[in-house]
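Structures incoming, each one as C-alpha cells.
Look at the two complexes coming up: subunit A is in both, with subunit B in one and subunit C in the other.
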Partner chain A sequence: MSPILSVRGLTVCYPNADQPAVDGVGFDLEPGATIAVVGESGSGKSTVALALSRLLNPAVSIRADALTFEGRDLLGLRREALRRLRARRIAMIFQSPFGSWNPSRTIGAQLVDGLRAAGLWPDRRERLLELLKRVGIDDPERRLGDYPHRFSGGMLQRAMIAGALVTEPSLLVADEPTSALDATVQAEILEILDELRKEQNLALMLISHDLGVVARVAQHTLVLYRGQVVESGPTAALYRHAGHPYTQGLLAAVPRLEGPRKTPLPAMPQGTATRGGCVFASRCPRAEDLCRTSAPSPRHLNGTDVACHFAEDVRREPIWRW
Partner chain B sequence: MTDNRERTMRLRAGSRLLRLLASLMWILLVVWVAVSVTFVLSRIVPADPARLAAGLDAGPEQVAEVRAEMGLDQPLAAQYGRYLGDLITGDLGRSLQTRQPVIDDLLTALPASLELILASYLIYAVIGILAGIAWAYWPRGPHTLLLRFGAVIGVAVPVFWVGLVLQVVFAGKLQWFPVAGNFDFEGTGVPKVTGMGLVDTALTGQLPLIGEALRTLALPVVTLVVTHLAVTMTLMRSSLEEQLKRPYVRTARARGVKERRIVFVDALRNSLNPVVTMLGLQLGWSLGGVVIVEVIFSWPGFGLYAYQAFSAFDYNAIMAITLLSTVVFVTVNALVGMIYPMLDPRLKEAR
Partner chain C sequence: MAMVTPLLELRNLRKTFTVGPRAVAAVRDVSLTIQPGEIVGLVGESGSGKSTVANLVLGLERPDAGEILYQGRPLAELLAGSGRAYRSAVQAVFQDPVQAMDSRKTVGWSIAEPLVIHRAARGAALRSRVAELLGAVHLDPSLADRYPHQISGGQAQRANIARALALEPSLLVCDEAVSALDVSVQAQIMNLFLEIQQRLSTAMLFISHALPVVRHLADSMVVMYAGAVVEQGPTEAVCEAPRHPYTRLLIGSSLPPDPERQPVRPPSARREALPTAGCRFAPRCVLATDRCRSDDPVLSEVGSAHSAACWRTDVPALVEPVQG
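Entry: the complex of A and B
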C-alpha cells in the first residue's frame, strides 16, 4: 500500500532561532495506520504537526525533501487549495480543550463553520449529530446551542473529535488530545479515536509525551529529541528493545502503579546542543568523545531505527531500566 | 422540567429589573455626591458671588441686599437644602452673566455641542474601528507606515494646537472654511427644529444650506477626529491582533474556515471589549472634551458656555455644568455596561 503521507527531511526554523525546531524528520504513514510522535516539551512534536497542515506563522521557514499528502506536495499548495485540504482531508485536534473553542460562539456555530468550509452543510447535519452521540454527547441537538463554558474539558474534546471526523478526512493529526484531561476520560477518548479510525479507515498521527497513551493505540512510534528522530520503529519493538538511551529514559520515566518510582531523566540542559555531535550527548551518561564530535545516523537494529553510536551496547546493557 | 425552566425565566426577568433599579440608584448616588462636592467647593472658594452679581461699583448695602436675595446670608446647611430642593423641581437658578435661567442657557447651548460631538464621534469611532481592523488584518505593507504615523501624531499632538493650525491654514490662509462660529440660522429661513445646523438644514433639503452647515462644522470636527482617532484605532488593532493569536483561531484555520470569516465572525467580537470601554469613556467625557475646541472656534455650545461660566465664577452655571457632565458620564457608563453581555455570553449567564 502506498503511504498517504510521506515526509522526508522536514526541517522547520523559527525566526531568530539559532537551531531548527525540527531537523530532518522523515516518516511514512499508511492509510488507516497510526503513528505516534513522542518526546518531551520542546522536542518539536507539535511543530511537526503544525507544519504538516501549514498552520505555522508565515515567518517560520519550512523545508523538506518531500512532504506529500495523497500524492500532492503540501509545500507547493496555494492558499485556497490549502484551505480546502484542511477543510476536507486533514483534520486536527489540539491539546487545550478550552482554548481551542471560541468562548463567545456556540459549539454548534463553530462546528457548522467547519462543515460550511468543507461545503458539506447542511448535508452532513445528521451525521454530525450521530457522531456527537457516538463520542458521548447526549442530546446533541440541544447541546449544540450551548456555549463552550457550559461544557467540561472532556466534552469539548469529544465535540472537537466529532467536528474533525464529520468531514471524513483521511488524516487526523491529534496534538496531545488527552493531556489536559483526567485519566479516565483520557482512556475513553483514546478508545473513541481508535474506533473511529478503524471505521473510517483514517490515518492517525498522535502526538504525545505520554508513552502509556502511545502504547495503547499506535503501531508505529517516532521518538523526537531536539527536533531530530533519535529512534523509530514498530511500537512493540521499541518498547521491548529500545536502543537509544533517550528512548530508554522516556520509558523509565513512565509512572507505574507497582514497584518503586523510576528515576526521571536528567533535566534538559540549557543552551545549544554541541554542534556536529549527537543531539543527546550533553544529557547522555554513556556519551563518549565520539558522541560529541560526530552525529550518529540512524541504523536498523532489531526492528527499530536507532541514531546512536553505541546502540548495541545500550541495548545489551540498558542505561535506564523500564 | 418545564416548570423549572419557567421559574428560571421568571427569576431572570425579575433580577433584570432589580439590576436596572440598582444601576439607577447608583447613578443617582454618584450624581448626588458630585453635586454636593461641587456645592461645598463653590462656597469655599474665596470669590464672593454676591459681590460679582451686584457689580463692581455697588456699595456694601447693595451687596448685602443681593446676598440676601440670593440666600447667601443663610447658613450653609440651609443653602444646601434649598439648592437640592430647587434641583428636584428643575430650577438651576439664574446665570450671573446672562441674567437668564441657567436651564434656558444650557438648552440653547447644548444642540450646538451635540452636533459637534455626534458628528466627530461617529466619524472617529467608525474610522478608528475600521482602520484598526485593517491594520490587524494586513499587518505588513506600506499602509502600516501611514497608520503608525497617524497614530503617533494623533496621540502626541494637543487639541488646541491642531485646532489653531487648522484655523490658520484652512480658514485664515486658504479661506476654505469659516474661522469661527456655527451655522447661522438668521436670514436663512431655516426653521430651528433641533438647533443643530446640519440636521435642520438637512430637513429643508436645500443643498447649498447643507453645504454651508458642513463648512462650519468641518474644522472643529476634524480637530476632534484627529485627536481622538488614534486611540480607538490602536486599541482596535492591538486587541484584534491579540485575539488572532488565540488557539481557537488556529482551530478555525485547521477546519478550513476562510480567513475573512475567522476575523469578522470569530475574532472581532471578542476583541471589541476594550474598544467599547474606550469609546464609552470618550463619549462620557465628550462634554468636557469639547471645551477647548469650542473656545478655539467660538462654537456657541456647552463647552464655550462652561468656559465663560468658570472664568466669571458664575456659580449657578458652574453647578449646573458639573451636574450635567456628571449625569452624562454616569449614564453613558451605565449604558456601556449593558453592551458587555452582548459581546460575551458568559457575562449574560453569570449576572
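Entry: the complex of A and C
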C-alpha cells in the first residue's frame, strides 16, 4: 500500500529564529493508520502539524525533500488547490475548544460553512446530524441553534470532530484534541474518534504531549526533541524498548497509578541547546565528546529508529528507569 | 489515643454562587482535615468545586455555612484583624507560573515581597534570605535579577514556590501547581514538593485533576464530585480499593503511558443536567437504583479512616461501572 502522506527532510524556520523549529523530520503514513508526534513544549510538534496543512504564515520558510499527500506535492500547491484540499481531504482539530469556534455564530451555522466550502451542503445534512449523535450530542437539530458558550468544552470538541469528519477526509491532523478536557471525557472522545477512524478508513496524525493518550491511540510514534525526531517506531516497541535517553527520560518522568509513591521521580536535568552535536547532549548523562561534536543519524535498532551514538548501550543499560 | 490538633479542619463548608438568575452550589458540604506536615490530595473534574475549596482555605472567599479551623481556632476570628498571622502561615502556589508573578518586577523582588510586607527582613538580611530561598528550590541566586519572561516555566514555578516558602508557612495550598508543566519539569517540581514536605514538614492541600500526580504525592486523598466529597481516605486505600463508582471511573479513565496496559473500554462520560435530589452522580452511574435518585448518600465508613458517599458500596469493585 502506498502511503497517503509521505514526508522527507521537513525543515521549518520561523523568521529571525537562529535554529529551525522543525529540523529534517520524515515519516510515512498509510491510509487508515495512526501516527503520533510526541514532544514537550518547544519541540516543534505543532509546527509539523501546521506545516503539513500549509497553515503557517508565508514568512515562515518550509523546505522538504518530499512532502506528498495522496500523490501530490503539498509545497507546490497553489492557494485554490490548497483550499479545496483542506475543505475535503485534510481535516484539522485543535486543542482549545473555545478558541476553535466563532463565539458570535451558532454551532450549526459554522458546521454548514464547512460543508459549503467543501461543496457538500445540503447533501451531507443528514450525515452531519448522524455524526453529531455518534459523537454524543443528543438532539442535534435543536443544539445546532446554540451558540458556542452554551456548550461545554467537551461538547465543542465533539461537535468539532463531527464537523471534521463529515466531509470524509482521508487525513485528520489532531493537535492535542483532548488535552483541555477532563479525564473521563477525554477517554470517551478518544474512543469515539477511534471508532469513526476505523469506519471511514481515516489516517490520523495525533500531536500530543501526553504519553498515555499516545499509548492508547497511535500505532506508530515519533519522539520529537528540539525539532528533530530522536526516536521513532511502532508504539509498543518504542514504549517497551526505548533506545534514546530522551524517550526513556520522558517515560520515567510520568507518575503511574501502579508505580511507587512518595519517592523522587527520575527527572532529566535541564540543558541548553547544543550546536553541531546531538541535540540532547547537554541533558544526557551518557554524553561523550563524540555526542557534542557529531550529530547522530537515526539507526534501525531492533524495533525502533534511534538517533543516538550509544543506542545499544542505552537500551541495554537504561539511563532512566520506570 | 493521643489526639493531635489538626492543622486545618474544614467543617461542613457550603458556598453558593449566583450566576444571573441561577444559584450554583459550588461547595455543598465539604469536611476535611489536614494534619501537620501531611499532604492531602484533592481530585475532581472541572466544576467539582475543588478550586472553591482552595479559595475558601486561602480566605479569598467566605463560606456561606460551615467553618474552617486553623490549629483549632476559627478562620473567621483569625482573619478578623489584619489576618497577617494566618496569611503568612498559609501560602498558595497556582497553575500558571509566569502569570502568577508580576511581569514588571524581578524574580528576586517577587520573592522578597512577602518578607517586606510582613517586615520579616530588610537590607542585606533580605538579600541573603532571597538567595537562600532560591537555593532551597534549586535555583541559581543570579536568577534574582531576571524578569519572569526571561526564565522558563519550570524556573518560574520554582520561584513561585520560593516566594510561598518565604514566610515559613505551615500549609501550602497548591492549585493545579504542576498541571501546566511539561512532563520532565513536572517530575522535578513534584520532587521539590516531596523534598519540602520531608525537609520543612510543610503540610499541603494539593489540588489536581490528575489522579496519578495526586496519588504520587498525597498521604491522604479527597475525591470531589459536583461540590461534595464522594470518597476520602488514605491514598493507597482510595486508589487500590476505591469504593465510590466515580473514583472507579476516574481510575478507569486514566490512560497509563503503556500501550499494553490500556483500560478495556472507558465508560461514557456524557454529562446530563445535575439532579437536584439524590446522588448527583446517579445519572452517570450504572449501579444507580431508585434510592440513589431520591436520597442523597452521606459519607460513611468503608474502611479504616476511609469513607465513601454511596448507597452501593456493598457492590464489589469487580463489577466495574463500565458501559457498552
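Quick notes on this one:
We adopt the following convention: the second predicted complex is superposed on the first by the 310 of 322 C-alpha atoms of A that agree within 3 Å, B and C clash if a C-alpha of one lies under 4 Å from a C-alpha of the other, contacts with A are read in each partner's own complex, and residues count from 1 in each chain.
The rule is simple: contacts are C-beta pairs under 8 Å (C-beta built on N, C-alpha and C of every residue); 3 or more make two chains touch, one makes a residue touch a chain.
Just so you know, these numbers come straight off a predicted model, no measurement behind them.
With subunit A as the common reference, subunit B sits beside subunit C without any clash.
When both complexes are overlaid on chain A, the residue A:E40 reaches subunit C alone and has no touch with subunit B. By the touch criterion defined above, A:G136 reaches subunit C but does not reach subunit B. Touch criterion met: A:E188 reaches subunit C, while subunit B stays clear of it.
In the superposition on chain A, contact of A:A236 is made with subunit C only, not with subunit B.
In the superposed model, A:W121 makes contact with neither subunit B nor subunit C. Using the contact criterion defined above for the overlaid structures, shared-chain residue A:L251 touches subunit C, although it does not reach subunit B. Between subunit B and subunit C, C touches the greater number of residues of subunit A.
In the superposition on chain A, A:Y14 makes contact with neither subunit B nor subunit C. In the superposition on chain A, A:V213 contacts subunit C only, with no contact to subunit B. The overlay of the two complexes leaves subunit B and subunit C separated by a minimum Cα distance of 7 Å. Overlap of the subunit B and subunit C interfaces on subunit A: none, as no residue is touched by both.
Of all residues in subunit A, only 40-41, 136, 138, 152-154, 182-188, 190-191, 209-216, 235-236, 239-240, 249-259, 261-268, 270 touch subunit C in the complex they form. Residue ranges on subunit A touching subunit B, taken from their complex, read 53, 55, 83-88, 91-92, 94, 96, 99-105, 110, 113-114, 116-118, 147, 149, 160, 163-164. For subunit C in complex with subunit A, the residues that touch the partner chain are 45-46, 152-154, 182-188, 190-191, 194-195, 209-213, 215-217, 219, 235-236, 239, 249-260, 262-263, 265-271. Touching subunit A in their complex are the following residues of subunit B: 246-248, 250-258, 261, 265-266, 269-270, 343-346.
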